[in-house]
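Below is one structure, written out as structure tokens; comments come after it.
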Amino acid sequence: METNRLEAFSDGVFAIAITLLILDIKVPPAANLGNELLQLWPSYLAYAISFVVIGAIWINHHAMFDWIDCVDQKLLLLNTLHLMFIAFLPFPTAVLAEALHSGFNQSTAAALYSGTLTVIGVFVTVMWSYASKHPELLNKSITPDRAKMIGRRFLIGPFGYALATILAFVDPWISIALFVVLNAYFLWPRNQGIGPA
Amino acid sequence: METNRLEAFSDGVFAIAITLLILDIKVPPAANLGNELLQLWPSYLAYAISFVVIGAIWINHHAMFDWIDCVDQKLLLLNTLHLMFIAFLPFPTAVLAEALHSGFNQSTAAALYSGTLTVIGVFVTVMWSYASKHPELLNKSITPDRAKMIGRRFLIGPFGYALATILAFVDPWISIALFVVLNAYFLWPRNQGIGPA
Amino acid sequence: METNRLEAFSDGVFAIAITLLILDIKVPPAANLGNELLQLWPSYLAYAISFVVIGAIWINHHAMFDWIDCVDQKLLLLNTLHLMFIAFLPFPTAVLAEALHSGFNQSTAAALYSGTLTVIGVFVTVMWSYASKHPELLNKSITPDRAKMIGRRFLIGPFGYALATILAFVDPWISIALFVVLNAYFLWPRNQGIGPA
Amino acid sequence: METNRLEAFSDGVFAIAITLLILDIKVPPAANLGNELLQLWPSYLAYAISFVVIGAIWINHHAMFDWIDCVDQKLLLLNTLHLMFIAFLPFPTAVLAEALHSGFNQSTAAALYSGTLTVIGVFVTVMWSYASKHPELLNKSITPDRAKMIGRRFLIGPFGYALATILAFVDPWISIALFVVLNAYFLWPRNQGIGPA
């Protein structure tokens, strides 16, 4: 399969997952609306974090497939499983918003969220590691050294998110702060092109 | 990143956000259906306004990216944040419909709606202003003077919507009338091609 | 704007509207599931009709834009309003399913459904009539005579659906039967290529 | 109609159906969240199975349309009906999750699920059988013998799923195990390229 077909399908899943996030913000009763809208802040926060997170993963996915010229069955399978966790994100997002709203079990909710991101990061690493062991799939411009360097940068994602998962049980806000910082780092404009996620 | 990739992803978000609007119109009980359907007029009105608004922003987004040939990391980041507010629109749409239906807090709902549009308009202006300061990103056919003129037209959106936000507290219907007029103006067929939004 | 951009965006709206239809079929309680599943037949019927209707309109939309080479602002505006009613279809579909299920107000529900299709058909006719009066927008291969002939075939849609709207008040099932027949006719394979809708 | 148009529309339906699956996993109350999240395992299982199933059908759909160069009206009609059952899958998925959760009527739910997959498999077979009887639609590289061989492999899907439908009444878990095994087989990387579904 050509990579542009796979990319188009993946883009569709990214675009739909990112746009479905809004369905988790329920319309409050119109009586006392101003106050009700303010109390929805956990929903807005969770929406904004997930939108930026999915946006960063999308940018990263493209960067990776700019370096990959061919897709074989194994990479196709890995990518499908990768998308399965991306399309899953609206669920931990809604769970996190609900926990922040009610004040209960915020650690569990933050751990579910960062755990899902950890799995996504692991798939990114596994996909790249598979592709870099099969140079016939890679773009000719990628030397083995460059592939290794890219692979090391991709590791920041799963390790950072795994740390956030553990820290969620210390304090959910430390965990949330960590993935905000990680994504700010991933998205921060720099010359080299991409950040790992 | 090439602009057509960014445009395809953005188009996906636009198309999904515009089509999700219908999910906010809930099926009324079948008993006394004719009357129930008529009483849903605020939902139809909010649906129609948001559909046309998102349609106008989409047309405008294309016009802008016809003049932009390359996208750097900063523009990519700005566009992602821009999309975050476009995908957010189904929420203020539903809040507005609910407020018009119940008769409560219509000013707050209209202000939330036009406030969201103001933020969208600000991002359009910031994106264009960034692009026009980096001529290497622009299409060769755009002279500095033309870029400035386009930038001035893009200002109509955020200023018009900011005015609608303030007027919402005078009378929500004046605010609604203002963004209907603004969008009629943006979409009105004319020779020059696009209207700012 | 090039037509392929407009077609891609329209395709997105068609694909999303057609896939959202399933959200209207609610999961019944698992106790006594077999029976509950059978009683959902109005939902399945409404789903199948709307899926085929949107599919037929999509095929037709493509046929029309194969004959149109350029899009001006007025056609863009007409197409956006056209899409507004297509994206609206999940609502009358759900209303029809609910009315068939409860047995109340089936005529009103069938009239709402066929009324929406009538409006869609009117937009198809207006778009084609506009394009055929502007030969600079049309493909060179379309002679004025051919354009007129196509226009006459496009009239079957709005007239057929308008008749279905009126007949809904005689008997909702006659109305439903009529738009099933109309769509079978539109989709029926034949040499000439397209059926009007 | 060119196949790439049909493929792009079909891809849209696949991408949306696969991403809508997450909407069926409802956010549990935040009190006692850890336990509640664990009890949602039937929803996670149903989500994962359907994601992989739709992914496998998508890969398969592409493989088929790589061998088909032209689409006529009949194939277009068959493909639309095929998509109707793919877009239907979120419903049996949710019914299955609900039945596994409540413990009631698991056989009925598993039969509805595998029955839907059987219908999808029948459409795949019918589409290929139609195409292989019209060599003018096929890619020149496909000899009649190759077409027959592919057709035989496509039969594994409907027969396997029909068996799973019958076995659902013996034990729902045997049925579920069967379609997990079938999809593992379809997706398993091998040299020949595709597995039938």
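Going by the order they are written in, the chains are A, B, C and D; count residues from 1 in each one.
Heads up, the rule we're going with is that a contact is a pair of C-beta atoms (placed from the backbone, for glycine too) under 8 Å apart; a residue touches a chain by one contact, two chains touch by 3 or more.
From a predicted model like this one, the values you see are computed outputs, not experimental measurements.
J.: Do chain A and chain D face each other with the same patch, meaning over half of the contact numbers show up on both, or with different patches?
T.: Different, since under half the interface numbering is common to both chains.
J.: Nearest 5 degrees, what's the C-alpha rotation angle taking chain A to chain B?
T.: Best-fit rotation on C-alpha atoms: 90 degrees.
J.: In whole angstrom, what separates the CA-based centres of chain B and chain C?
T.: Each chain's C-alpha centroid was found; their separation is 26 Å.
J.: In whole angstrom, how far does the Cα centroid of chain A sit from the Cα centroid of chain C?
T.: 37
J.: Mark out which residues of chain C touch at least two other chains, giving numbers and ranges.
T.: In chain C, residues 8, 12, 16, 20, 23 touch at least two other chains, as defined above.
J.: Going by the contact rule at the top, pick out the chain C residues touching chain D in the complex.
T.: For chain C paired with chain D, touching residues are 8, 11-12, 14-16, 18-23, 25, 27-34, 37, 47-48, 51-52, 55, 58-59, 62, 187-190, 193.
J.: Across the complex, what residues on chain A touch chain D?
T.: By the definition above, chain A touches chain D via 1, 5, 8-9, 12-13, 16-17, 20, 23-24, 72-74, 76-77, 80-81, 83-84, 87-88, 90-91, 94-95, 98-99, 101-105, 108-109, 112.
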